[in-house]
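Per-chain residue numbering starts at 1, and chain names A, B, C, D, E and F are given in the order in which the chains are listed.
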Amino acid sequence: MNFSTPPYLAQNVSVQRVMLQVLAALLPGIAAYVWLLGPAVLVQLVVASACALAAEAAMLRLLGKPLALYLGDGSALVTAWLIALAFPPLAPWWLIVVGVLFAIVIAKHLYGGLGQNPFNPAMIAFAVAIVSFPALMSQWPPVDTNAGFVDQLALIFGLAPRIDAMSGATPLDALKTALKLGEGSVSVAKIVADTSTYGQLAGRGWEWVAAAYLLGGLWLWQRKVISAHAPFAFIGGIALFAGALWLWNPAQFANPLFHLFSGGTMLGAFFIVTDPVSGCTTPKGKLIFGFAAGVLAYLIRVFGGYPDGVAFAVLLLNICVPLIDLYTQPPIFGMKGKP
Amino acid sequence: MLTAILIMALGAIVLGSALGYASIKFKVEGNPLVEKIEAILPQTQCGQCGYPGCKPYAEAIAEGEAEINLCPPGGQEGVRKLADLLGREVKPLDAEEKPKQVAIIDEQTCIGCTLCIQACPVDAIVGAAKQMHTIVGALCTGCELCLPPCPVECISMARITENIDSWKWKYPVIEIKQLKRVA
Amino acid sequence: MTHYLFIIVGAVLVNNVVLVRILGLCPFMGVSKKVETAFGMGSATTFVLTVATGASYVIDHFLLMPFGLEYLRTLSFIVTIAAIVQLTEMVIQKTSPVLHQVLGIYLPLITTNCAVLGVPLLNVANQYNFVESLLFGAGSAIGFSLVLVLFAGIRERVEGADVPVHFRGVAIAMVTAGLMSLAFMGFAGLDKYQ
Amino acid sequence: MTREEFRQIAANGVWRQNTSIVQILGLCPLLAVTTNLVNGAMLSLATILVMAISGAAVASLRYLIPHEIRIPVFILIVAALVTVVDLLFNANLHQLYLVLGIFIPLIVTNCIVLARVEAYANKNPPLQSAADGIFMGVGMLWTLSLLGGLRELIGRGTLFSGIDMVFPGLHPLQILPADYPGLLLAMLPPGAFILLGCLIAWKNWIESRAAARSRRRPPEPATAAGCH
Amino acid sequence: MSTQAKPPSAMKMAVRTAVILFLFVVAFTGLLSAAYLWTLPTIEAAAAGEKMKLIDEVLPRVGYDNDLLKDTVQLQPAAALGQNETSIAYRARKNGEPAALVLEAVAPDGYAGKIRLLIAFAADGAVLGVRVTQHKETPGLGDYVEPQKDKNKEHPWITQFDGLNPGRIDAREWKVKKDGGRFDSVAGATVTPRAVIKAVRKAALYVEENRQQLFAPARGEAK
Amino acid sequence: MLQLFKFKGGVKPDTHKAPSLQQPIGRAPLPPRLIVPLHQSIGGIPNPLVEVGEYVLKGQCIGSADQWLSSAVHAPSSGTVVAVEERVAAHPSGLPTLSVVIETDGRDQWIERSPVDYQRLAPERVREILRDSGVVGLGGAVFPSHAKLAAAKSVAMDELVINGAECEPFMTCDDMLMRERAEEIVRGAGIFRDLLKPKRVLIGIEDNKPEAVAAMSAAVRELEADYAEFEVIAVPTRYPAGGAKQLIRVLTGKEVPASRRSPEMGVQCFNVATAYTAWRAIAHGEPVISRIVTLTGNVDAPRNWEALIGTPIRDFVALGTPQADTNSYLMGGPMMGFELPSLEAPLVKASNCIIAGSKTLFPPALPEMPCIRCGACAQVCPHELAPFEMYWFARARNFGKTQEYKIFDCIECGCCSYVCPSHIPLVQYFRFAKSEIWSREREKNKADAAKARFESRNEREERDKAEKAARLAKAAAAKKAAPVVSESTASAAPAAAAAVDSASEAQAAKQAAIAAAIERARVQREAVQPKNTDALTIAQRKEIEQIEARRAPLQGATSSTDTASQPSPKEEQ
């Protein structure tokens, strides 16, 4: 029997379209990335996508779910792309594979697949990788050493030895290390002036990548794929804390703009804290989620043990989502101003 | 060694007397858990759980003596609720789930012996001695306890069928693939 | 002052008893199916753990150490804790039925919560003074309650998910606890300024 | 104790009522000390010792213990035994003692010990209680060893590391290639949780397969959530 | 089930339970104490053995002939050692002459907190050996200062200190190669080695400064 | 101009209203047979007043209101009753319901009508007339209107809202009614006004119906004198602006929570068609026997028809000549209506619209994907609920949680399903959860009652046992001829003395009787059993009927709530 149910009308929307729009919004950021660091990241994107689709297909088969229906929804691709963009571009291929497998198999399908995972799969991948392979995960190629594509390929696929020249650190990491070694005797201004790692706002050229993510994010917002609550609360959280500490001691703490345009801030704000599945759903909840994630990300990147804190901050807030949602349910029709 | 024993013995006396004193002073009767459990049981009073009624079964569960999956009228749903209440794992019901039934007396055959009235735990049968008996459908819990005592076997069970008022909306989609997997 | 703050932050988040130190897991897994019950368990444990750290400190410093009886620590701590728990239970049951409704069924379980013995033993190992011990005890207990309640929140949600059959129940809860613990690794280093 | 009884006790302890993957008790040592196989196995052995003796002790003394103070008395007995074991480890396996840290004294609060004492030894004769303790411990032994072995293998590519602490002459085995990078996560708490989760799922799978074979009718999933 | 019996009064119950608990406690504490007394010597020996095993790693047995666990000196808290509590230094003597000194130092600025070190100094101030005894550095990254974890099994990183005398080496050289010094380091993890190098140097300078007291033959308190 | 308010959420689907607005309301031809279900409104089931073979006149009452919350049912035309039996109902279940089937004689002869001047009657009497005329809410809920016409005692009535919004796509019956019969609607609203005594009467009409607004405004203007407090207001077009609570919100700014009824907040709402029928009932003495039904969708001639209640839908849809690719028929609008399980079902008072559907008009539902918690549903929910949370728990059958998320505040408007990118039939899940909860509620009540009876029975048995023991003791004492009766037994059974009677003797007699009865019954059964049950003689049937008749009062006396679970005699055999 054709079990048809009201309403018999429906808007022309689908999960696939939502996901494709998210992928599209990532393109400007990817373009800037390629321009800055060479095409290595494209290789990573391909590796991650292929692995994600394969893992997704395998899990769907294993769990007896309709393959055609789910494989095309694009959510695995979003996860894969975010992983590829969050990992160092010259990380060995197997590192990304491990990350993607963790994300798709454990973080997503053990919880029943799309829409049911309490944790952000891409961030699980990142956390697993940085905890397990901190050395590989903190080596970023310096912006200037634009090695040829072939060299990059060789590095990714382990055909060439990993040399020190290829392993710098991100501006955030470098600044943190420098401050730590300086033991209060050097100021941020001096460090930033000293080396060539730092550009106008954040790392040399990195601000362009961040700006491109911002652009894509704003487009998503305009298309109503995401709501503005979480991203802006996230940015606000980082800016507030960075600003306060910077005002208090500009020698030891970088200015807020540096923090907004370096590391994973922009990618996180528009593509990660907005993940509908693992994030909060109520407006107030989204504000709390974004703000607290921003604050935690800042604290972890400045005081904690990892160069950037977006992934851990998001995961920590993922833990709190059910309770935040529970306690921030907006009053329903007719119950405003009443308990 | 002696100090050790002395110090520990001191502690023992203090704690021991405190505990002994409190165990009498703060004695509490009754068990609120039993009531909560009983509220979940279907009150069919059929004894299929192996206990003479729902309350004894509730007491046995509260004591930790009985499994939670013994009540067939409660069904799997009842097991789930008990598991929820008691924080135990859900277990499959220890019997087949039966459809809901009511007892019907074939009035032509009934001899008015009153034996079924005595058997019915919930007073669902009316009638007087040597007169015809009848079962009030709305009150009958379908426990089947009136079947065996009837000397002329005039009582039978009928399935309750759905009508427009008791009709329920069905679970929307049956994910066929999913089902197969579970099976 | 900041020193005390770091002890608390360290105990609640950075070295969370459950997710980082791996103590008190049985109640963590057992009493986290519902937020409400998790909250009850958390409150009961917080109370007992705080009292237990205080009592243990007193026993250790005034009964055991003066006589060089450190080897009796485990024995004396746990017997005292068991007695405290039982007394508390009986008193609450009689005096405040409401409170007993909330905490009653959890109290007896607390005796077999490793954290309740583990935290006093860690206090001894860390050579904390009385105030530090209490803060550490309370902090650990709060950390326990916090993750317990959050975990229960997630479990309530995951119960509705389409988890693969063999993973339903405890197995997926374990995986969830693992991912929570992974998230908590993000706090690493935040207490190093102590 | 009849043979049948013995078999029952053994089957219960080793598989059917396995503390770690069925009763989900005694988790702390299970997860905390299983960074390698040797640690897991050694702690289990210590626990077996404690459980066997405490079971027997409680079962023999059960008529002397008043109901009101049974818990403190059980704990007293267990704690005394644990401390003895602790002292023995300290004296004879000092290095291992340092590695296992507070998890030896914590055998006291290991829920299994007390749970078995309360649920079994308190109601059964000494011999059975001792057997129950031993087999419960054996159940724990194999799960801890398995988990420890898995974590070690995935995390480092070796097996039996730390064996030299117990048998000074022996050496760990390098199972995976020497340049295996090692998934450190497996050695850390998250890895422990996740692997145990998988172990429990594995057991569920085995049981449902066995049930399917014997009944040709699948059981309900453990939790009745989800859709039918 | 003696529910029919009249419950005893609270006082009576208190006495009864107290007595029973008392008996149990006496019995089991006795058992425990006996075990303790029985194992005590072995435990002490094991602990001492453990200590010696550690010391052996930084200071070969051949260099001295006294029982250095007995020949100790108490050090007051000193910033140079990174210690804020008193610590103990062990003195090795050969034929009564000071041969070496083993002390504990702490590098406070490791990547993830304190790194505890055990360092042996020769009588002339040269470093004989260094071992990390406790640290929280990132596994797989900063933990190569621990020889068991070091990939380079031939010449673990920590052995680079052996035989060096900071008094004779320029301070500028007492750094990782990346900073223009003489010490190797693993790329991507230079915070840890920098901290260890600095701590060893500070400790050496401390020994240099207090050599008189530290190697003094008499049992006395240093500084 | 009145200040309008906004309600949150809502959607704007294509309206598809134009096709059925091209023609004036037509009068549907008299069908040969009318099937009139007795249960057409919320509340008690009307009792049948006619028997098979009886001749009825148009407008004759064939089912009387059962209780206060119930509404009468009338014969839509004159003819002969050919059956009073279960017939498939216009209900999503497709289950049958007790209906009166009338073979029309084509004369369409009215029963005597008695118009009244309601202003002279007591309000109570007016409400009674409305009830007995079968006036129920024609906005969809078919709630007996007289029940809504009692103002709350504590709160003064501020506004009476007349609902002409008609926000559902396709549907135009109210629009046409307002265009053509505006005056009678206003007069009907006047009756409501006179009963409720509100300060203002607000007639809300969506602004995509300018003709209706104009017609209604004109009617109000013409009747100026008596209807000064009437105001016709165009409200923004947005589904579900016609939901009573939404319209009240838009017009008055008041939000009526689910837990309260609108009169408690000084406002009440009626549909325009309800007002119209109320006027017809009072001023013309015509009970509700017909209504305007939109016939539209995949038909050649979409139009509004005034059709008799009871018209089989098969006959009705033929009026519009459905196109060849028609694959389904909806009753109600596409947002809240349902697919008719059978065309044999008749039109009822609730049937405001019949839509012929086709693949192009209503594409088959896309496969359901998992919810990605995007929140789109929550944004459009007019009751500001969290549909995805309710869905999550309804799916997992965690009904307690669905109630925490206020599933009973859901008005099943379908906005959430309309926007869901995962194509989840959310409303279905909610309906499923609601009916499960209701059914559990019923079962729980039943269990509680059973428990109470079980306990009282146990108590009684205890008492009986004690009494019996006392009696026996006494008898024994008497036999022994002991001169003194012990104090306690005497007090335990003071009344039993009269019935002193050898207990064992009675027992033996009983035993013998039972044995005899068993024998009798065996013989009887042997005689009866071989017979096939469906070959019963008339006499036997009569007998069964007599038994039934005897049982009926018994049931009535003892059954309190659930008559539903009593199986019909057919199932018995």
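The criterion applied here is as follows: a contact is a pair of C-beta atoms (placed from the backbone, for glycine too) under 8 Å apart; a residue touches a chain by one contact, two chains touch by 3 or more.
No experiment lies behind these values; they were computed from the predicted model shown.
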Chain located farthest away, centre of subunit E as origin (C-alpha): F
Remotest chain, subunit D as reference, centres from CA atoms: F
A-C compared against A-D, more contacting pairs: A-C
Approximate Å spacing (C-alpha centroids) for the pair subunit B, subunit C: 37
Centre-of-Cα separation between subunit E and subunit D, whole angstrom: 33
Rounded Å distance between subunit A and subunit F, as computed from the means of their C-alpha atoms: 54
Computed distance of Cα centres, subunit E from subunit B, in Å: 64
Shared-contact residues (touching 2 or more other chains) in subunit E: 13, 16-17, 20-21, 24-25, 28-29, 32, 36, 112, 140
Sites on subunit A at which at least two other chains make contact: 5, 63, 66, 106, 112-113, 116, 128, 131-133, 305
Where subunit D touches two or more other chains, by residue: 68-69, 72, 76, 80, 83, 87, 182, 184-185, 188, 190, 194, 221-227
Subunit C residues touching subunit E - in the complex, by the definition given at the top: 71-72, 75, 79, 188-189, 192
Contact set on subunit C toward subunit F in their complex: 156-157, 159-162
Of subunit A, residues touching subunit D in the complex: 98, 106, 128, 131-133
In the complex, subunit B residues that touch subunit D: 15-16, 19-20, 23, 76, 79-80, 89-90, 92, 171, 174-175, 178-179, 182-183
Subunit F contact footprint on subunit A (complex, rising order): 2, 4-11, 13-15, 17-18, 66, 69-70, 73, 75, 112-116, 227, 276-277, 279, 281-282, 325, 329-336, 338
